[in-house]
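To keep things simple, chains are lettered A, B, C and D as they appear, and every chain counts its residues starting from 1.
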Amino acid sequence: MMDKQEMQEFIARRVAQELQDGTLVNLGIGLPALVANFVPEGRSVLFQSENGLIGLGPTPADDNIDLSITNAGGKPVTVLPGGCFFNSAISFGIIRGGHVDVTVLGALQVSEKGDIANYMIPGKMVPGMGGAMDLLNGAKKVIVAMEHTAKGAPKLLTECTLPLTAVNAVDLIVTEMGVIEVTYEGFVLTEYNPYFPIEEIKAATGAPLIISSALKQMV
Amino acid sequence: MNKLITYEEAANLVRNGDTIMVGGFLAVGTPEKLIDALIAKGLQELTLICNDTGFVDRGVGKMVVAKMFTKIMASHIGTNRETGRQLLEGETEVELIPQGTLIEQIRAGGFGLGGVLTKTGLGTEVEKGKMIININGEDYLLEKPLRANVALLYAEKADESGNLTYHGTTRNFNPYMGAAADLVIVEAKEIVKVGEISPDDVIVPGIFVDHIVYGGAE
Amino acid sequence: MMDKQEMQEFIARRVAQELQDGTLVNLGIGLPALVANFVPEGRSVLFQSENGLIGLGPTPADDNIDLSITNAGGKPVTVLPGGCFFNSAISFGIIRGGHVDVTVLGALQVSEKGDIANYMIPGKMVPGMGGAMDLLNGAKKVIVAMEHTAKGAPKLLTECTLPLTAVNAVDLIVTEMGVIEVTYEGFVLTEYNPYFPIEEIKAATGAPLIISSALKQMV
Amino acid sequence: MNKLITYEEAANLVRNGDTIMVGGFLAVGTPEKLIDALIAKGLQELTLICNDTGFVDRGVGKMVVAKMFTKIMASHIGTNRETGRQLLEGETEVELIPQGTLIEQIRAGGFGLGGVLTKTGLGTEVEKGKMIININGEDYLLEKPLRANVALLYAEKADESGNLTYHGTTRNFNPYMGAAADLVIVEAKEIVKVGEISPDDVIVPGIFVDHIVYGGAE
């Protein structure tokens, strides 16, 4: 059994495989941000941060922090050689205009049509959408990286019940249980974590789960 | 030509009931000392337009804690539990706006455009009550321009005529808010003489800036 | 009798009186550009050039030309201390957003409603509107600086006959004959050049010309 | 990461029938050598999107003289008598677009916006056949986004990853055309190694640039 950190790293490592050489990628905060640590050797991937930079580098050493260089979580970061800063209008022009190849976000719910809810639970928790609605509409490929269930309750559903962040937006979902493509036919399981029997994955999914004829193990 | 004023003078330019735009992203690129000056003056019933509501002890979040807003327009309030409390208890009106829409609405307000046509928000609660326009077979949401009475901005460096430069990710919303407000006050970390910023390096033209306060070390 | 150059300078000098201290002004090419030479002593006026600069300075000496610093006519200029360069989107944001206090343009025709035609003569001459349509819609005050007639034919008319550049846009007209305000009642002559009898000015105007009760001589 | 190519390679990336955007304002900030390369290749039936048509011997005007365009979209053609002649004699279609509208249409095309809402052109021939939308009691003209197959841009300096900087008034339309074209080629007066342009000084992010040609002295 993986602990929470191992589970998150397992998901992040698998998402990182999706990032092709020469692409521009925007990672959400939390689990998605871990993906940067697992980009396969030899692939040059540029990371954008919607608060206004391209070329996000590693976290700076404590004695080398510039408080004016931060990520979308407000945390100090570094910028790689060849990086650049810009204002929010350019940043979201890049996002809305389809210049971001991949965005990786977390979700509260995803429907089999690719609808996604991840910005509020009415009456309880209302953080806001930040840049998520623009990223979901603008990025060429949307990957959801999240745990498969929330305290046992399915997050992959026939219909989302929470307010939507975007409709028909999600392309791929990576959880600790498997890799699920969102297709016209619905959720298709293309890879599974052998730790979980297929029946358990189906039971943890709140919508029909089509098993791909090319199903393989998650690496 | 010299636009330098004191924090007290700056605070006196803002009135109860005003709509204010404040630059910054999670309190990075936010004019902290201007915010302190407004809090000291005890302004009330303001409307805030800002990317987010910062933190309880940093950025515009301090003004949220001081209960200075009747309405907040922002893309994210999740880092300030007090904003969430005021929203859930019905004390403050909060309008959540997608970040890319918010900056374009401000730009449209400052640049004389009639609105913003975006796919962002289609099919969500954001589209409620708004016009949807079909262009070349695709639906777009019409989002209206935003303007404010006063903009409070941050800059890394200002010359005395108000030309501004930035460092790192402190630009964010600052460059366009100056165009969209009737009165613009900039807190600059460094202030230099006219001519000391190369015309090629100016990020915000001085014509957008009415007043400057010194935000650096004493 | 003034020659063409004296006439143009006479007009430009009068227009310059309209430019208040601390304003941002955009001058069209040709006659309007001459206005910069006559700004009254002690008034600080900033000039914008729509190709991307604020702080237009004097023409450079021949041995001091930077071919990358030009005005909207494509000619080398200088930029004053405190000036700045920007792209066309910002330049027209400044214009469209009402941040230009005064624009001075030439015209082929102006109607008593303030309509203006100055960008084409169908089938004959079609230079295009360039930035004129944006300036006419965006600038807070629009001044037309031009000769009163075109080879004797009136240019101030009840209705323009040429394709319009903008409707209801012109505030003030300065010609070699006088200064004319565009009001809800029509053209009002507020100043006249004593070289021209009032009846001659009326005859040269293709619309009713109301004589202001405060009429004075042009200085 | 190095995006440097030759002029011949650049010209081979443009095809007959393509729509091209070209930066520059009266041939200031125009990629002259790229234009020469396209002329040498003898491309035909192109559509041009550019602020103006330059001069008969400078800027895109040289391509007008070489009769390479079937359609020209520009704000001004008055400095090139050959464009006027082709228009008046019905050889080339010319669509005149207000300058501030043109740059916003390009920005909208590049930034995923559904169009531009402007008062510019209302009541003129420019409004013909276009939608007028009333927003808060005011009429605005809806102008559609513009995109191109190829953008040919000028820069003062490029690093090998395509980050660009500018000097003087050479920016004009260059910074947004890169976002609005499928393929972007930049003629840079100077080319430096990655890392030699400070991230604060970049005017056009390298992600908008596919290829760079060296435009400086041999």
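By our rule, a contact is a pair of C-beta atoms (placed from the backbone, for glycine too) under 8 Å apart; a residue touches a chain by one contact, two chains touch by 3 or more.
Bear in mind that the values here come from a model prediction, so they are computed numbers and not experimental data.
A.B. asks: Which chains are shared contacts of chain B and chain C?
C.D. replies: Touching chain B and chain C alike, sorted by label: D.
A.B. asks: Using each chain's Cα centroid, which is most distant from the centroid of chain C?
C.D. replies: The chain farthest from chain C, judged by C-alpha centres, is A.
A.B. asks: More C-beta pairs touching across which pair, A-D or C-D?
C.D. replies: Ranking A-D and C-D by C-beta contacts puts C-D first.
A.B. asks: Cα centroid separation between chain A and chain C, in whole Å?
C.D. replies: Here chain A and chain C have centroids separated by 56 Å.
A.B. asks: Calculate how many whole Å lie between the centre of chain A and the centre of chain D, each centre taken as the average of the chain's C-alpha atoms.
C.D. replies: Using C-alpha averages as centres, the distance is 35 Å.
A.B. asks: Provide the C-alpha centroid distance between chain A and chain B, rounded to the nearest whole angstrom.
C.D. replies: Whole-Å distance between the two chain centres: 29.
A.B. asks: Going through chain B residue by residue, note those that touch at least 2 other chains and give them in order.
C.D. replies: 104, 107, 112-113, 118-119, 166-168, 199-200
A.B. asks: Residues of chain C that contact two or more other chains, please.
C.D. replies: Only 53, 79, 85-86, 92, 95-96, 137-138 qualify.
A.B. asks: For this structure, enumerate the chain pairs that meet the touch criterion.
C.D. replies: Chain-chain contacts present: A-B, A-D, B-C, B-D, C-D.
A.B. asks: In their complex, what parts of chain D are in touch with chain C?
C.D. replies: That would be residues 25-29, 51-52, 74-79, 84, 87-88, 94, 96, 98-101, 103-104, 107, 118-126, 156, 166-176, 203 of chain D.
A.B. asks: Show which residues of chain B lie in contact with chain C when the two form their complex.
C.D. replies: 1, 107, 110-113, 159, 161, 163, 179, 194-195, 197, 199-200, 202, 205-208
A.B. asks: Chain B touches which residues of chain C in the complex?
C.D. replies: Touching chain B from chain C are residues 24, 44, 46, 53-55, 79, 81-86, 90, 92-99, 137-138.
A.B. asks: Sort out for me which residues of chain C touch chain D in the complex.
C.D. replies: 49-53, 66-70, 72-74, 79, 85-89, 91-92, 95-96, 115, 119-120, 123-134, 137-138, 163-168
A.B. asks: Quick check: in the complex, which residue numbers of chain B touch chain D?
C.D. replies: Interface residues on the chain B side: 104, 108, 112-119, 131, 133, 135-136, 138, 140, 142, 144, 165-168, 199-201.
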